[in-house]
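We call the chains A, B, C, D, E and F, going by the order they appear; numbering starts again at 1 in every chain.
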Amino acid sequence: MRMTVCRKGHFNAAHRLHNPALSDQENEALFGKCNYPHYHGHNYDLIVKVTGEVDPKTGYVIDMKVLSDLIEKLVVEDFDHKNLNLDVEEFKTLIPSAEHIAYVIWHRLKPHLPETFELLIVLYETPRNFVEYAGN
Amino acid sequence: MRMTVCRKGHFNAAHRLHNPALSDQENEALFGKCNYPHYHGHNYDLIVKVTGEVDPKTGYVIDMKVLSDLIEKLVVEDFDHKNLNLDVEEFKTLIPSAEHIAYVIWHRLKPHLPETFELLIVLYETPRNFVEYAGN
Amino acid sequence: MRMTVCRKGHFNAAHRLHNPALSDQENEALFGKCNYPHYHGHNYDLIVKVTGEVDPKTGYVIDMKVLSDLIEKLVVEDFDHKNLNLDVEEFKTLIPSAEHIAYVIWHRLKPHLPETFELLIVLYETPRNFVEYAGN
Amino acid sequence: MRMTVCRKGHFNAAHRLHNPALSDQENEALFGKCNYPHYHGHNYDLIVKVTGEVDPKTGYVIDMKVLSDLIEKLVVEDFDHKNLNLDVEEFKTLIPSAEHIAYVIWHRLKPHLPETFELLIVLYETPRNFVEYAGN
Amino acid sequence: MRMTVCRKGHFNAAHRLHNPALSDQENEALFGKCNYPHYHGHNYDLIVKVTGEVDPKTGYVIDMKVLSDLIEKLVVEDFDHKNLNLDVEEFKTLIPSAEHIAYVIWHRLKPHLPETFELLIVLYETPRNFVEYAGN
Amino acid sequence: MRMTVCRKGHFNAAHRLHNPALSDQENEALFGKCNYPHYHGHNYDLIVKVTGEVDPKTGYVIDMKVLSDLIEKLVVEDFDHKNLNLDVEEFKTLIPSAEHIAYVIWHRLKPHLPETFELLIVLYETPRNFVEYAGN
């Protein structure tokens, strides 16, 4: 019995899209109002999807409390009410687009899950814009 | 033209997570407040996803009314406003975790669909916790 | 500057509608499947609305953290993952209809708020059924 | 870094399900109230999912503004506040079921995306009925 | 104990905004794309709010089943999968704007409720546009 | 026929709660993580509710297009993808709490509506925290 269990989380953060290898004009042309220098922000909604075998002893793939604590400790504590560009290590060298944020979250969580588990990250930057990353 | 059609349903039920093969202490350690003896409950939201060929005569994979009636007759009538542990046959020998409820729903619906159709069950136990089961 | 601040909370609980002063037949006629003896359950969503003056020092009517802690301590801790009929003092003598649950929550919270504040409780039993109570 | 980016759109339209090759009785038997001659309507919600490589220069698979403009120009302008049966070219020969609408949207968008990109259309006819089409 | 109970309903309908006392140009200037002659449509979401005294025998202001049946019989049966302009009596002389639809629903429901009850109608034409009518 | 029409809008912004009349320790004690110096951000959801007489010529209290353009021009253009503390005039002397943001929006919109109209602002800072302001 192989199944996917999904847990939602969220964090509120400031960010700005800016590629330091490009000129200010190129940045503004590429990123528009997302490049605005004083930062703007979002309520990010996160869905973490973990696929594995159901343990017959518990009826669980993974205890939701365990999954929820991993999300809290490895993502929310570091990202929530922060400035992603200035305060999160990975975004010192990576533009904090929704794509890259999903990538960073995947790489933070994966080593803490059993190796046979698959992991998919869904990240909503706004209710109308979101990304999905499966580690490919 | 192969496509997936999806129909939402829901039911409100009481349940409790408890493994009779284990001691009370082990059950409490494993399941925490979900093991609480007097039961608690949820508004379960269900999405049934059926994948098959579109019939050019109707433009349908399956008539939503037919799919909705199957969900009503095979799932909702038996689960809604019930106690899953005490009133649903399958959970007399299976812990009613979200994973197992999705598994039971999949097995109730699959034989009533054309054999070439694929079936995926999404079951929300709360808006933040849900599972997906494709029959694997 | 008089304003209303609103905080959402939720709890998952089992309940049953039953009036012990009536016969079983009368109960079933009155309450239908909500009278079912083994209990059923809901994910209750709660909105607590507090109206008062904005404090110019903070820009707050009330600190959301304070309001959220009151909801947690006075409502969620006692109601979540519980059986309302069997485990919550007030429902030993009061049928746990959505109306009565909102009434009980209002009376639990009101004494802990400044006297000049108005309080409104919105309680969703399901996404389609909800009640509003302002203490009248 | 291969990833899926998703953008929501919506349009409000009238439609009717009717197969001109069949008699009125057959149509009514097949389509029920969806066959009603004076049309009815929906707020269609659309999710366009595009899968491709992330461009390290921008951190984007595709600029959401570009994707959103494609949806606007190729779908919404033509479908919104219209009668799908009478006003949209493709539905002069294709019954405007949710399945066929998703199929038409996929074929309108695909040629405007880089060839290596995968495209998935999710179309909600109502919050409880939706379809998914990946071009198969 | 005076309280408000709320019940959601919905219907899918076609409509068009057009004032027959005005010229075509005036209609188009006033109503824009909502005046489009072949109709367009919406998934209308409805919230019916009824305020009255709680009956201590049941813990109910009104049985939700009774309220839901009134909505079904007096509104949904007549409006759902219909063309509001052509098929609903009241809109033969009244432009079917969201405001007027709420007005019509209020007047259909009010006589069927106890005279001391207050009634408020909330009608969503889209998730972003809605109206509230209290019978004033 | 007096009625309320409601229109949703949204904007994404960075902000920080900080009272310059207080010490850093007092600010941190008062505002906790909302005082964080590098800013954080939110997807603010806004509901503007306008109450007035229905014009029988149009069936409208106010044309939603007019209301939506006012929200765009007077609020969204100035607040969206901005830093509220640094870029919005009013918050140079007012802490940008949800309460104060609602207050500012009310005062920006009110003079542009007919004088007999009532105005209510609902502002969601997160899906669980929101405020309502009616101009009192």
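Methods note: a residue touches a chain if its C-beta (ideal position, glycine included) is under 8 Å from a C-beta of that chain, and two chains touch if they have at least 3 such contacts.
Note that the coordinates shown come from a computational prediction; the quantities given were computed from them, not determined experimentally.
**Q** Out of curiosity, which chains are bumping into both subunit C and subunit F?
**A** Chains that touch both subunit C and subunit F, as defined above, are E.
**Q** In how few steps can one go from subunit B to subunit D if every step must land on a touching chain?
**A** Minimal hop count between subunit B and subunit D: 1.
**Q** Where does the C-F interface recur among B-D, D-E or A-F, taking recurrence as more than half of the contact pairs being identical by residue number?
**A** Selected pair, repeating C-F: B-D.
**Q** At the place where copies subunit A and subunit D touch, is the share of residue numbers found on both sides over half (same) or under half (different)?
**A** Result for this pair: different.
**Q** Measuring centre to centre, with centres taken as mean CA positions, what chain is farthest from subunit A?
**A** Centre of mass proxy via C-alpha means gives E as farthest from subunit A.
**Q** If you average the CA atoms of subunit D and of subunit F, how many Å lie between those two points?
**A** Averaging C-alpha atoms per chain gives centres 34 Å apart.
**Q** So how far apart, in whole Å, are subunit B and subunit F when each is placed at the average of its C-alpha atoms?
**A** That gives a centre separation of 42 Å.
**Q** Just how far, in Å, is the C-alpha centre of subunit F from the one of subunit E?
**A** For subunit E versus subunit F, the centre distance works out to 28 Å.
**Q** Considering subunit E alone, which of its residues make contact with at least two other chains?
**A** Only 127 qualify.
**Q** By the touch definition up top, name every chain pair that qualifies.
**A** So the chains that touch one another pair up as A-B, A-D, A-F, B-C, B-D, C-E, C-F, D-E, E-F.
**Q** Touching subunit A in the complex: which residues of subunit D?
**A** Within the complex, subunit D contacts subunit A at residues 1-9, 49, 54, 57-61, 64-65.
**Q** Any idea which subunit D residues touch subunit E in the complex?
**A** Going by the criterion above, the answer is residues 10, 12-15, 33-34, 36, 38-43, 80-83, 86-87, 126-127.
**Q** Please name which positions on subunit A make contact with subunit D in the complex.
**A** It comes out as residues 17, 19, 21-22, 30-32, 94-100, 102-103, 127-133, 136.
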